[in-house]
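You will see two complexes here that share chain A, one where it goes with chain B and one where it goes with chain C.
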Partner chain A sequence: MYKKRSDGRKFDEIRPTQAKVGIIKRADGSAMFQIGKTIAIAAVYGPRELYPKFLQDHSKGILRCNYNMMSFSGSGERVRPGGSRRSKEISMLTESALSPVLDLSEFPGAVVDVFVEILQSDAGTRCAGICAAAMALADAGFNMKDLVSAVSVGRVEDKLVTDLDNVEEHYENEREVADIPVAIMPRTGKITLLQMDGICSKEQLSKALELAQEACKKIYAVQKKALTEKYKI
Partner chain B sequence: MADLLVKDREIVVPGQDLATGMDFLPASGTFRDNDKIVATQLGSVSVNGRLIKIIPLNGRYVPKRGDVVIGKIMDMNFSNWFVDIGYANDAVLSSKEISVDYVEKGTDLSQYYDLGDYIVAGITNVSKLKLIDLTMRGPGLRKLTNGRIVRISSVKVPRLIGKEGSMISMIKEITECKIMVGQNGIVWINGPDGQKELLVVEAINLISEKTQEPNLTEKVKEFLETRKKENV
Partner chain C sequence: MNIIKNHIHALLEKDQRLDGRKLDEIRKNITIEYGVSPNSAEGSARVKIGNTEVVAGIKFEVIEPYPDQPDKGTIMAGVELLPLSSPEFESGPPNIWAVELARAVVDRGLRESGAIDFKSLCIKKNEAAWAVIIDVYSMNDDGNLADAIGLCALAALKDAKFPKYDEKSKKVIYEERTNKGISLKEMPIPITVIKIKDKILVDPSLDEEECADARLTITTLEDGRVCALQKGEREPLTIEDVEKMIDLSIKKGKELRKLFK
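Right after this comes the complex of A and B.
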């Protein structure tokens, strides 16, 4: 039985969330997204011409994401700088989580670079990275059908929880944890990213996805507020 | 039944619903999803009769035929110049499109425009693949000598020019500088002395920072006049 979360949150409560837009002045668009102790920043550069040329798509521009954890971002252990199998995977899924909303048809043959850096990690970094990247792309003025909000939901023993932190992700009995990062287009509720680490039953999964929809509404509100606040008079 | 869900000039984010019902029509920066009109860009809403559009607050320049732009010569070959106009790809200026009558085959093109030169050019064609053709034939199209260059976001160009050129002519009048604004957000300034040019740069930065504010022309005028008095 999982009775109480380590930080005293309710089971369906997300950690305190903050966001800010336009933090990197030289970038075309940028954003910071913080959820609990996890901080992600994203910077957008481009569109610019894509080389090598065989990678170009002549019908639309290409989105290229790069996810990276700062060497000091972990919990004690130094994260080895440079790419890893994990960062490559997360870069790829950030791309696929964002490309359904992004319209780059005006920039054929070009590339838009999104750099996601994790300053501080306390679980849910890929979700924080996606939230920050979506805001940075909107800030850069791209045509987007929707924003993207992401959160991880999951199961700890018998309870379904929203927004797992590091303590829960590394729960003492690892077989009793399922971590499910979900990215959602808030307007339609469609899912652009769904992964699962661990096991849970079919019923628990669909219940967890409902929790994710609710949590993403809250995250969307934070993103929207940050974006509109930049231009408030 | 049609309802506007946002106020005029309100700032909206991509994916935000702007109106319901079939009475409104989606214009630039919006699209229709069944009975809703949805924003696709971060920007302020502009409702004009039945049309709803978004005035974007940031974004890259997308070239259109007929635009007059300022560009920098980046590269050249035997018959073309390649010009950076702030878009993803460089634009192409053919030696046939320059204002002198005839360019002899094999001429060194750098005697007309050299690398790093800035030119005012017109866009004659934008292909489907976004290959951009430029021309130097037209009134006011020329090479820019002296002066300085400032880059602003192309979405702020209408604000810098103002209603019927009110803003730009006011700045020209007060600072006695020649100013040329390309549709792509590259601005050329040439004044009697460097100080006046810098004053224009400051004014342009002020405009691009405070794009959203009402009565911007008056504010910029006030700013310029106080700064001018300080310098005298």
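Right after this comes the complex of A and C.
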């Protein structure tokens, strides 16, 4: 029985969330997204010419994402700088989570670079990174069908929980935790990122996805507010 | 770029700068923010000089002391020029500019100034000592990253608290932090001065950096002594230039020193 979350949150409650856009002046678009203690910063550069040339797509522009944890952003030991297998995978997942909303047909041969840096981590960094990246792309003024909001949901013992923190991710009995990062297009509810670590029944999984939909509505509101605040007249 | 370059040259003839500053004037809006990654890093800070922004974090590790320094710990400094901070920076391992900044501005300034007593980082002679790892990241390049990086490393060190070390298991317990900080005996402040034609100016903006014929980063201590120098760019400097630049850096170092009080 999982009775109480370490920070006293309700099981379906997300951590306090903050967002800001336009924080990096040199970039074409940028954003910060913080959920609990996890802080992600994203910057967009482009469209710009893509090299080496054979990577170019002559029908549309390409989205290229790079996710990186700063060396001091882990809770334990220093994270070795430079790419890891994990950061490579997350970079690729970030690309595929954002691609469905982004229209780059106007920019054949070009690349749009999104750089995500994690300043501090307390679980949920890939979701925070996706939230920040989506806002940075919107800030840069690209054609987008929708924003993307992301959160991790899951199971701890008998309870379904929203927005797992580090304590839950490293729960003492690791067989009793399932971590499910989900990214959602908020207007349609369509899913653009879905992963799971751990074991869930089909019923639990459906319920968890409902929790993700609810949580993403709240996250979307925070993202939208940050964007409209920058561009209000 | 040529238009801007010509304009910068023309203004300098009249001792003026593009952003209205005097030649010996540092940008006014300099801020230091401590604890920007308080839960992960044992020490962290953000420094802004105008729109130039960097963040730094400190991590502690326990190492076996080097055989030639059995009673000393050490520092390691890294700088990454993130592609997030400028369209000019590329992904990949630190390039020569990042390495120069890490070695010449952060490491040398701290090491040569004696700011950190390496003996105080020893836990047990020949067996265990602290390595203080300083990583600095550029967040927005609007000129003079060098000084921002140097200041930010200092600020993060000031913010740092040692984690607990368990001698029995020989493990660092990162979840538990002590109240003990790193005592900084000196505050080595780097000031970057550039020469464009025959003019000498401090705290270069991005456009001014592009026009620099020569560059000198001078790190000074509170009593006015110099503890590190690094010359850059292609043109030579005369002895008079160097003297003038050092005078300027001592004066400006004093101004920036106040930010830490």
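Quick note on the criterion: the second predicted complex is superposed on the first by the 232 of 233 C-alpha atoms of A that agree within 3 Å, B and C clash if a C-alpha of one lies under 4 Å from a C-alpha of the other, contacts with A are read in each partner's own complex, and residues count from 1 in each chain.
As a convention for this text, contacts are C-beta pairs under 8 Å (C-beta built on N, C-alpha and C of every residue); 3 or more make two chains touch, one makes a residue touch a chain.
Because the structure is a prediction, the values reported are computed rather than measured.
**Student:** Please work out whether A:Tyr231 is in contact with chain B alone, chain C alone, both, or neither, and reply first, second, both or neither.
**Tutor:** first
**Student:** Can A:Arg48 be said to touch chain B (first), chain C (second), both, or neither?
**Tutor:** In the superposed model, A:Arg48 contacts both chain B and chain C.
**Student:** Under the stated touch criterion, which partner chain does A:Pro181 make contact with: chain B (first), chain C (second), both, or neither?
**Tutor:** After superposing on A, A:Pro181 lies clear of both chain B and chain C.
**Student:** Can A:Asn66 be said to touch chain B (first), chain C (second), both, or neither?
**Tutor:** Touch partner of A:Asn66: chain C, not chain B.
**Student:** Please indicate which partner A:Asp122 is in contact with in the superposed arrangement: first for chain B, second for chain C, both, or neither.
**Tutor:** In the superposition, A:Asp122 contacts chain C only.
**Student:** Quick one: classify A:Gln223 as touching chain B (first), chain C (second), both or neither.
**Tutor:** first
**Student:** Could you tell me which stretches of chain A are touched by chain B in one complex and by chain C in the other?
**Tutor:** On chain A, the overlap between the chain B and chain C contacts is residues 48.
**Student:** Using the touch rule from the top, collect the residues of chain B that touch chain A in their complex.
**Tutor:** So the residues of chain B in touch with chain A come to 11-17, 29, 31, 38, 40-44, 56-60, 62, 88-90, 128-130, 153, 155, 212-214.
**Student:** Report the residues of chain A in contact with chain B in the complex, numbered from low to high.
**Tutor:** 28-29, 46-49, 58, 61, 101, 103, 106-110, 138-147, 185-187, 223-224, 227-228, 231-233
**Student:** Any idea which chain A residues touch chain C in the complex?
**Tutor:** 24-27, 37, 39, 41-43, 45, 48, 66, 68, 70-78, 81-82, 113, 115, 117, 119-122
**Student:** Using the touch rule from the top, collect the residues of chain C that touch chain A in their complex.
**Tutor:** 36-42, 44, 51, 53, 55, 57-59, 61, 78, 80, 82-87, 91, 93, 133, 135, 137, 139-142, 172, 174-175
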